[in-house]
Each structure stands twice: as structure tokens, then as C-alpha cells.
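Both complexes shown next keep chain A, but they swap its partner, so chain B is in the first and chain C is in the second.
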Partner chain A sequence: MASLCRLRVLSSIQNFARIQHIRSIATRSSSFAVLQQGLGTSKCNQNNLQQRITELTRSVRHYGSAAEMTITSIQERCTLVLKLFDKVDPEKVSLESKFAEDLGLDSLDAVEVIMAMEDEFGVEISDETAEKLLNLKDVVECVADRLDVAH
Partner chain B sequence: MRSQVLSLYKLLHRTSQKTFLGDAKALEAAQLRIRDEFNSNKDVSDPKALKKLLKTGQDVQLLLKTSVAQGIHKEDGRYSLRIHEHLLREDNAPFPCDKDKSNR
Partner chain C sequence: MAAAQVHRMKMLSLYREMLREAQKFTGYNYRMYAVRRIQDAFRENKSETNPELIEGYIKKAQDNLPIIRRQATISQLYTEPKLVIESDTAKKS
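Now for the complex of A and B:
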């Protein structure tokens, strides 16, 4: 009987979630918490339980937003992208190291690096601007400009 | 001229990324080929030859963009073609019988 009750609770939560179009992970994890609480009170009659679930889920709906960008996080991500580039020696990478002189990249490699940065941040860097970006610091500044981050 | 070459290089890469979307093997092959072709002509300095090479690159880009469609193999042995917005689609030639009718 108890397991039957649990099954019903589970399906009613699923239905509820479907009706409310709950999509965010935060809400999903909190409705799981409700499920566990609900199982604890297996003697409760189902109507009460459903009401309780409704109250609890309604109070914990959250929506996510993009993580806030700072100049340091841009620096970290740019450095990582460059370190993962297959022709670059990860140990030589620093903010000041020049693509051509210090990292041994040719102009075609530089274009590929800039493309990888564009993909990483979802920004567009024009060819004229890209030609002036000679080291990682320039790239970070350019990306920060595009994303409206103070630097 | 230098910036033209670099922008063509980038455009070719971007186009191949779109054309071979989700096809890792073709993507890698395309990237390698683009790279090789540019590298093999890196010492060309004659303006005429450069112009010709640029034209070839632009033609390849146009071809990749408008004339290559991905076919996805389905379980029943048939292929589904991914028709994208840039794919060149020409009008069907009208049936001869329709033409005859309108002439009459």
C-alpha cells in the first residue's frame, strides 16, 4: 500500500511539473526534495499531500541567468582557449606573450586563435581589429569591449 | 592583399563549419585541406598568381556554401538531405506539355 501511495505521489508530481512547464534545474532539484519530504508522510491522505506539494513547488520557482563576466574570468577563459590550441606550448602562455614571436604562431594560426575566441565568447571580431591583436592581453581587452565589461 | 588572404582563410573555415555541421570527420578533413592549400602557396608573391589563387579560394567558398548538402543516413537505408537556406535551388524546367497548352 505504501509503495502504491509513493507511485501516486511520483506521478502526481510529474503531472504537476508538466502542467507548470517547470524547466529550470533548480526547480527540478527542489521538487525532488519535495518528493522526499512527501514520502516521509506516507500516512497522509493524498489530497493533503498534493496540496502541500503545490504550495512547496510554487514557492521555489527559480530562473537562471548568465554568469556575470569579469575581466578576470575573461582572462582565465582566454588563457585556457589558447593553452588548448594544439600548436601552442601551454607553459609558454602568459598574458604578455606575443603570438608570433613568443608562441611561434604564423598569421594563419593567429586567425584560428581569434576564431576560437569568437566561438568561446559568442562575439564577432572584425578582420581589421583581429590584425591588431598581437598578444593575449589585446584579445582580452577586445573581448571585454564587446561584452561591455569594464577593464 | 595580405588581409584579403587572411579574411578568405577565416571565411573558408567558417563556411566549412556551417556546411559540415556535426560531421567531425568531414570537418577535420576540411580544416586540414584549407590549411594545407594555404601553406603550400605561402611563398607566392606574384600579384597575378595571387589574384588567381584568391579567386579559386572564393569559388571554393561559394561552392561549399551553395552546392554541398549533407545527407544523413537513416535506418531504412534512405538518406535525408539537409536543405539549408544558402543551398542553390534552381527553378524546375516547366513541363513541355504545359508550354504547348499556353501556346495554343
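Now for the complex of A and C:
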């Protein structure tokens, strides 16, 4: 009785092994088929290959260059930054309005505005230059200089 | 007049430098405290005209700048997760 049991177990193991073997062949052949399909050199497969390459490279991250800047986009962003500044009345903001006289900002506020502009565009403006920037137009010109944008 | 101008320039550059350093704190509470403290302290004494007092304030700022710098660096070594109020909804797509 015990030997019969063992025989059964053995045969089931054999069965299992056979199934596994068949399965592995099946996967091998199917992956081979994909390879043939993808890497075939005949002309009719060229498009297919191209498509496959695109699929394979899709997950790669592409880094773009910085957005194209124009003098108008700089003006818009500068104006927005200034309008969002706490102590500034957004309705008084224009390119010509002076920080000190028209917008009522003191020199400390002006420093903060210039710092906000630096953060916005990722440029650096030195103390001496910042001292000479009295209205938004000056700031825009200064930023455009730093970013190599014609104005 | 010339001395006042020198003081003014020094204060403005100190103000700017201190704010820059204070913004490097990683913890929200420390960062906001440092930024506000600097802004308030400079505003508090902005109309001071006594040169000796101004010298004293400049000295104080110069002493505190390295402290802020050091503490900001230390805070970067031991970061904690961002607070809920810091999460930028605009960046989530």
C-alpha cells in the first residue's frame, strides 16, 4: 500500500515536471517569436522595429531646455511677482511706477522685491545693481540682461 | 552723510544676506520664525539715526548671520517631513 502511494507521488511529480518543461518551451518559443518580430531585418519589419524602439525608450525621462523667454514674458512675470507682494497695491502696479514714490515701498521692501525676482528667474542681482533698480522697467531690463534676452 | 550712506548699504546687504540664509532652514517653523524675526528687527530700527546705536545693530546682525548660517546647515542634516501647509498643490498634476 505504501509503495503504491509512493508510486503515485512519483508519477505526479513526473507529470508536474513535464508540464513545467512544456511551459518553459512555450515561453521560450514565444519570446523568440517576439525577438524575431522585433529584430527582423527584412524591410517589412522595419516599421515594427521602429515602433518597438519607441516603446522601449518611452519610459526614459527627457529633460527639456528652459522655456523660451521673451521680453514680454519677463515683463508679465515681473509684474505678477510685484502684484503678489504683500505691501503692494496691485492696481497701482505698472512698468513705470517707482517702488519708493508710487508704491510706497521702503528700501527694505525693495530688497525683498529684488530677492523675489531673483527666485522667480533663478538669476543673481548684486547689491550695487539692486540699488539702482527703481521701477519695474529697470528690473525687467536687468533680468533680461542676465538671461540674454534681447530688449 | 557719507557714514550714513555706508551704514545704509551695510544694513541692506546684511538684511538681504540674512534673509537668504534664513530661507535655507528646512523646518517650516524655524524658517518662518527666522524670516519674520529678521524682517521685524530691521523694520523696528529702520529710522534710527544715532550712529553709535546703528553700529551696535550692525554688529549684532553680523554676529547673528553666522549663527543662522550654521543652524540652517544643521537643519539640512536633520530634515523632517514637510508639513501639510507646505505641500504645493500647484505642483501636483
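What we mean here is this: the second predicted complex is superposed on the first by the 88 of 151 C-alpha atoms of A that agree within 3 Å, B and C clash if a C-alpha of one lies under 4 Å from a C-alpha of the other, contacts with A are read in each partner's own complex, and residues count from 1 in each chain.
The rule is simple: contacts are C-beta pairs under 8 Å (C-beta built on N, C-alpha and C of every residue); 3 or more make two chains touch, one makes a residue touch a chain.
Computed from a prediction, not measured in an experiment: that's the story for all the values here.
Superposition model on chain A: chain B and chain C are shown in a clashing arrangement.
When the shared chain is aligned, chain B and chain C each come close enough to touch A:E112. When the two complexes are overlaid on their common chain A, residue A:E124 makes contact with neither chain B nor chain C.
107-108, 111-112, 114-115, 127, 130-131 are the residues of chain A that lie in the contact sets of both chain B and chain C, per the superposition on chain A. Within the complex formed with chain A, the residues of chain B that make contact are 2-3, 6-7, 9-10, 13-14, 35, 38-39.
The touching residues of chain A, when paired with chain C in their complex, are 106-108, 111-112, 114-115, 127, 130-131. Across the complex, chain A is touched by residues 8-9, 12-13, 15-16, 19-20, 39, 42-43, 46 of chain C. Here chain A touches chain B in the complex through residues 107-108, 111-112, 114-115, 127-128, 130-131, going by the rule given at the top.
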